[in-house]
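To start, I am sharing the structure in question, which I have written as structure tokens.
Note that the chains take the letters A, B, C, D and E in the order they are written out, and that residue 1 is the start of every chain.
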Amino acid sequence: MESTKFSLLTKEEVDRKWWEIGDFFRRNSLWMLMYCTGCCAIELPPAMTSAYDMERLGMGPMATPRQADVLLVTGYLSLKTLRRLIYTYEQMSEPKYVVGIGSCTINGGIYHDSHAVINQLDQYIPVDVYVAGCMPNTEAVMNGFVDLMRLIKSKKANGWKKYHKNNEWYKKNQIDSLGEVRVKDEFHD
Amino acid sequence: MIISILMGISVAFFGFVLQTSIAGVNRKIIGRVQKRYGPKWYQEFLDIFKLLSKRSVTHGWIFDFGVIMALGGIIATAMFMPITNDLMAFPGFDNFFIFVYLIAVGMLGMAMSASGSGNPLASIGVMRALTTMLAYEIPFMIIVLTIIKLTGHSSLSEIAMFQQTAVAGLEFSGTWFMIALPVGFAVAFLSLMGMLGKKPFETYIAPAEIASGPMVEYGGKQLGMLFIMHEITVFIEVSLFVHLFLGGAENIWIFLIKYFLVYTSVNLISNVNGRFKIDQVVVFFYKWPLLFAVMQAFVAIYLGWVI
Amino acid sequence: MRELKLFLGPQHPGMHGNASIHMFVEGDIIKRAFLLPGMLHRGFEKGMERHTWVNNISLIPRVCVVEPDINEMAFAMGVETLANITVPERAHWIRMIVLELARISIHLMAYGGLGSPTGNYTMMYHAHADRNSILNIFEKITGHRVYHQYIVPGGVRKDLPVGIEKDINDFLDDLESRYVEYRDIGIENPTIVPRIKDTIVLPSEVVWELGVTGIGMRSAVNKAYDLRKVMPYARYDQVEFEVPVASYSDARSRVDLKLQELVQSISIIRQCLAKMPEGDVRVPLSRGQSMRWTVPKGHVYSCVESSRGEFGYYMVSNGGTHPYRVGVRGASYPQGLLGIEKYLPGTRIDDAALWVDTMGVCSPEIDR
Amino acid sequence: MASLEFLVIIALLGGVLAYLVGKLSKVVGASLTVLVSGFIFVSVAYFGLNGSLDASITYLPFVSFEATDLYLGTSFGILVTFIFFMVSFFNPYFVDKFKYPSLYSMFYLFSLAGVLGVFFTDDFLVLFFFFELVVWTSLFLIPLGKSKKAASWYYGFSAFGSFSLLFAIFVMRNTAGSFNINDGLSMVGGSDQILVFILLMVAAFAKLGAFPLHIWLPKVLGNSPDPVTSVFSGGLEKLGAFVAVMGLVKLAPVGPVIEAIDMALGQYLIAILGALTIVFGTLMAIRQDDAKKLIAYSSMSNGGYILVALTLLNDTSVSGALYHVLIHALASTAAFLAIGAVNRQTGTTKMSELGGMIHKMPVTYIVYLIAIISMAGIPPMGGFVSKWLIFQSVINEGMILIAIATFFGSIGSFLYVFRPLAALFLGQELPEFRKVIKEAPFFMLLPMIILSGLNIFTGVHPSVILQYINNVLAELGVTELGITTWTLSGNNGDLYPALIAVVFGVGVVIAFIIFIVLKKSRKVDLMDTYTAGNFVYTEELLHYSVDFYAPIERLYEKHINIMKDFYKGIAKKVQEFGSFVKYFFFTNKPEITVLWVVIVLGILLLWGDLL
Amino acid sequence: MNSMTNIKYVSSLVENRFKVIKKEIVSEYQISFEVDKDEVHRLLTLLKLEGWIQLSYLSAIDWINDNEYELVYIVMNWEKPVHVQIRTRISRENPSMDSILPIFPGCKYYEREVHEFFGVKFPGNPEYAKQLILEGWDDIPPLRKDFDPRAYSDAHFAKREYTETFVNLNNEKSKQVKREKRKERIIRVRKGGKK
């Protein structure tokens, strides 16, 4: 007669529990990548430093993509940056999250008709949270991070899974806009 | 034997928990110095466990093996560490040289793994770490030589005992070496800052130059294990300092207080400093600290002038 | 000998902004280096041709993100010269206050930025905290923290809010009282001085070859070549200030000059607050229908003194509602491109980030 | 069977046989060296440890071997024959590259015979004879490698050492009346003693490659063929240590005693020179680009440790020195063999040309790793035990300046041993080696694995060997070291090497468990690495191996050539003197030359008579 | 005024020796000369000798209706503070202009940029053809007037398509209700309180 009270958890359930525990740690210690892709990066120093002190949320800047959890896309993305951004995003260790800051990441913003700036970031890499504004002030940026934490808690911040699942679609979009993602020219040999 | 080993493992675990909490508290203190609120005191735990929960990348077997060797070597070193006079895993074998050389296994493992990642910045970081080591160890070893020569013991607990109680017939016993050898203490404190990789001797991490040096390719569990290793290393080095200069500890509370004071003062001093270049580190240590260390050793050993 | 290739940027903690320095290294000495710009290119000059003169007001601050006000000033001056507009007296003084506040803000940011390559984060945190109070003041004056769109052709957008003098004065007093502390923790700090003294020297004879202006030039040639002095715009000829100079341009002397300029800016703002007359702050460009406002034919190069040097707009009007061509002379163009190529080789990899920081290489104005 | 004479004859005959066979087939001739040296090692080890070596002489003229008090000679003998045996496995793989392969085999075995003779004889003249045999045979082994000039450097310094040894022998002969070693060393006294001491030390320094007679060492070790290098570093250098033991320990302390440190002046000076050797070797090793030269300088530095330890003359120091001889022989041989294996597979030992060897040669890498851990004195390898013993005595004597040097050498060794590890084995896998390179053949790996095993064994359970060394200490008249089965007791503390090893194992197991329960990592390519977001396609641009320690090298690079310039200056003066002599003696007219020769000879003869 | 004497000085300096097509005094610190293409180098050399040692700006203007490019050189003298614009026109077909690298080494990157954005060739500058800002550009140089960035952008980059409905982040009804109420109130206020 099997006891129903102390039945063993199935493997999926165990995994899920571990995942939830991991999520607790992940959302309380979000390390962001120091990659200033555009002008909204100017609002990050106040957020990081004494004025708003991001560290009290457990966030901190990290030097390399391997160490970081969050990729901040701060503002407009020129083609040249997008190539490096995709490369950097692919180097990050999973689970990884992307926060798009500024209107330019959403729809191109003020540079919507420029020949060098892409219009919609989530065509190329999955974005978990957008922070609108040109430029969003520091409170908005901080609020975006808190939103990301909430999303992680409710297991909705799974852009990195989407990237695996729809990899071909993303790759196609990247190649459509960029030609080739990894350029090989005289400056990169 | 088994009990001793279990005891040693618990010492290492204690060291990890202690140092991680104190590091968190220190982050808060530093935050206040920098006019901000600072993280939660258990933030370091969150960081480490977060890293352990992530899915990392590997660059080949040496990349993983080096990390295992680094953490293993450091855990092994910590197992020898006495905490109070009685609380230690292997009484009589807590030899100073074991700490200095066994810690090097961990360093070597990390260096190997970092170089194995194939990133030049990691190799540069390792080069800088080793060079820094060459700089700070010599003055420190000279001071420790003086202490061992004066006490006649190279066992840490014996040295601590020597400082705690004044025994008739034993010269210089009963005073902390912090007071007995003030110049030596100052030199050793500088060396401790070098050992802990605090500014201005933080050259081998140097995010703005070499993007965090040896750690450049780590992420996920490897980085988490290196963080654990780093915390235990700090534990070993600071407790080494407590035992050598601050007279060890009779009970665990005194140990905690002394430990906290040493680590916090190192942190506070380091936080208003910049970062030297690597050759400046070497020149710095080989100029005044080495000279003072030799002077202190000479005065203490041959002239017997000890306060 | 085999060379090693190291990169500073775009994704690197030592790089300010989104550009990449490629360094070919032997040991730790840089043998060759070049800047790979263009990661912030957004077709700016093309974009301005596609907007009307008035629309462009919202576009121009975005050329250089760290110091938007000089863009507005240069653009406004250019348009005023082309269209022959006389700016009300009070607007000149308000413009000076805003520009000097902006100068303080960027000097603080650059000074805090020195904390990153030299490793002193406390200094960085303090400097950024003070910069944030300037941003708060800006928010009160203009309604925005960073992109103000405040200086417009014909004056400033609106008058100063009531009671802002007190805020500004409080902030200036606070900053002045802590000036000594700033020096002590930064350029007088015995652990930082060896890093920045005698490193990445810019010889005075090559300044003209590069075309470097601003602090980089003044620290090398020992002459007060400041556009505010030699061709004063706004009312800089009516305030008293000194232009700090030096004859030996290493990293330390450049940062030193920045701090000294900060003191001068404080005094300029105080004088402005004292001398500022009452009156209008803006002349209307056109009666209604500002989108159809046209500017007479002409070419003008209007330039202002930014924190990094001469910042200029070359504007061509063919008499239409849109600018025919707008060219931007980024102040850090020479030191960013030619300077890195010519004067980084021979220095060490530790110093590359210091060049970027102390010479004030600002990638958005190089890329545009 | 156990006759030493028999073994020497076997080595010599084996050499001749190897030469003849080598004419027919190179590889077979070289393989013969494995058999012969293996046979000699097994015999020496078996009978030497039993104390049943036969010293009687039947065939060889003039030669005599020691009958009693054999421990010192036997320990050195076993060690060096073992090294010869281990290295001989490499010979078959390397003979193809030599110009005279059969000669190589012959000289290899001849020098083995010489080594045997040196360690087991009791007669100074025989010692000198065998010493010269070693010098001359090894002299012909060196130029088979890259540089012929190295051989001339080697010859110059060896001749200097040999002649001072000969001089010392004659001085001792004068006082003792016979050529017997023990008589000679014990009976010499007064100013003669100082002279003998100096001369013996010159011989030892020249052979050990200690400062200031070190110039030849890196040249020879860096340029000779790889097996020869290993033999030099592991075996032939130890002749110097043997002579140093004679001079420093067997000879009574020399010179007035310095009160403060309770040490004779002569010993102290040697200790200072030893300390300089350590520092100089370390600094030079840091800046080498050739891996072999780097290990060569590390050999020099370790020779300094042996000298320093021998001068202190107490139980920990002498046992530490003797143990260090063993450890260093094992470790540096293993390191040289590993680098030799790399050299054979790639054709270069320059660190700036290699990279990423670990992916193709993992076993070689592990061997090298264990060797350098031992060399750097990190537990649980043997180097830690010997360095611990040496530090114990250095601290106990309170010699601050010497201590600085020893600490510097010990920390500095981390720096230089790591460099080949990083530049040669680790880092980016260079494309030119990616396809061609394979792991070394089994018979090359075998000696390396055996040596690694011994490296670990000496670190885990040193008591067995230290027990034997205690016998040597007794023979030398030094107090014996306190040993139990598992622990050693020094002057100010005990050491439990096996415990360290066990605890280290426990630590690694814990770390491994942590590693294995966590999520599995994703394997990525080596080139998929952090480049600040830029794209790189050339492996070489990301492999940091040139000027590895550039910042620290820059601090002393102006001062490195002092000794070299000094010797160059001397050589120049000698040359000038030679041309001066030539000007007078060897003019175009032969009559004048003859006249001069006659006059000089006459003066010399007369002078000899008058004396 | 002092600055006006500077303007006069440079004006007489240039006009006496060169054939100036068009002179324009822009402001008290700025003067502009339009000269022939062949005279630019000599004029710049003269100005450099006279103290206009800093090259402030170099760029081009696309006069598509005249089928010409106009090159602009702006030089600065700090002792006699006057910006001198020198403008010259070159043909739009196969545009080429000798580099001024020997006179002003600082022009190296400006010329690279002009080549990249307008397609003007600068023989004499060894690196003018290397790409600087753009990467893998496959269209006509973007600052030419006949280049339409919007068309390029539409062809290459996906645009966000907005739908009527929007997704509520947390699916919380209360917030949506509140938001609708607020909207209604705003409309009511605008209409002056009438329903």
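Everything that follows uses one rule, which is that a contact is a pair of C-beta atoms (placed from the backbone, for glycine too) under 8 Å apart; a residue touches a chain by one contact, two chains touch by 3 or more.
Everything quoted here is computed from the prediction, not taken from an experiment.
Engineer: Going by the contact rule set out at the top, which chains touch both subunit A and subunit E?
Structural biologist: Where subunit A and subunit E share a partner, that partner set is C.
Engineer: Name the chain whose C-alpha centroid is most distant from the C-alpha centroid of subunit B.
Structural biologist: Taking each chain's C-alpha mean as its centre, the farthest from subunit B is E.
Engineer: Please name the chain that ends up farthest from subunit A once chain centres are defined by their CA atoms averaged.
Structural biologist: D
Engineer: Kindly work out which chain lies most centrally, taking the average of its C-alpha atoms as its position.
Structural biologist: B
Engineer: Taking each chain's centre as its mean C-alpha position, how far apart are subunit B and subunit C in Å?
Structural biologist: 44
Engineer: Roughly how far is subunit C from subunit D, going centre to centre by Cα mean, in whole Å?
Structural biologist: Subunit C and subunit D have C-alpha centres separated by 64 Å.
Engineer: With chain centres defined as C-alpha means, what is the inter-centre distance between subunit B and subunit E in Å?
Structural biologist: 57
Engineer: Indicate the whole-number Å distance between the mean C-alpha point of subunit B and the mean C-alpha point of subunit D.
Structural biologist: 35
Engineer: For subunit B, write out the residues touching at least two other chains, lowest number first.
Structural biologist: 34-36, 53-57, 120-121, 124, 207, 211-212, 216-217, 220, 277-278
Engineer: For subunit C, which residues are shared contacts with two or more other chains?
Structural biologist: Expected reply: 4-5, 10-13, 22, 28, 36, 38, 41, 43, 46-47, 50, 125-126, 129, 367.
Engineer: Of all the residues in subunit D, which ones touch at least 2 other chains?
Structural biologist: Only 528, 530, 532-534, 536, 538, 541-544, 548, 551 qualify.
Engineer: Spell out all pairs of chains that touch, sorted by label.
Structural biologist: A-B, A-C, A-D, A-E, B-C, B-D, C-D, C-E
Engineer: Which of the residues in subunit C come into contact with subunit A in the complex?
Structural biologist: Spelled out, the residues of subunit C in touch with subunit A are 10-13, 16-18, 22, 34, 36, 38-43, 46-47, 50, 58-59, 62, 65-66, 109, 112, 124-126, 128-129, 131-132, 135, 145-147, 364, 367.
Engineer: Contact residues on subunit D for subunit B in the complex?
Structural biologist: Where subunit D meets subunit B, its residues are 260, 356, 358-359, 362, 365, 369, 373, 376-379, 384, 387-388, 391-392, 395-396, 398, 400-401, 403-404, 407-408, 411-412, 414-415, 418, 421-422, 426-429, 490-496, 499-500, 502-504, 506-512, 514-515, 518-524, 526-530, 532, 542-544, 548-549, 551-552, 554-555.
Engineer: Quick check on the complex: what are the subunit A residues that touch subunit B?
Structural biologist: Result: residues 18, 21-22, 25-26, 28-29, 31, 49-50, 53, 55-56, 58, 62-69, 91-95 of subunit A touch subunit B.
Engineer: Please give the residue numbers of subunit B that touch subunit A in the complex, ascending.
Structural biologist: 27, 31, 34-40, 43, 46-47, 49-50, 53-57, 207, 211-212, 215-220, 223
Engineer: Of all residues in subunit C, which touch subunit B in the complex?
Structural biologist: Residue positions touching the partner: 4-6, 12-14, 28, 116-122, 125-126, 129, 185, 189, 191-192, 194-195, 348-350, 352-353.
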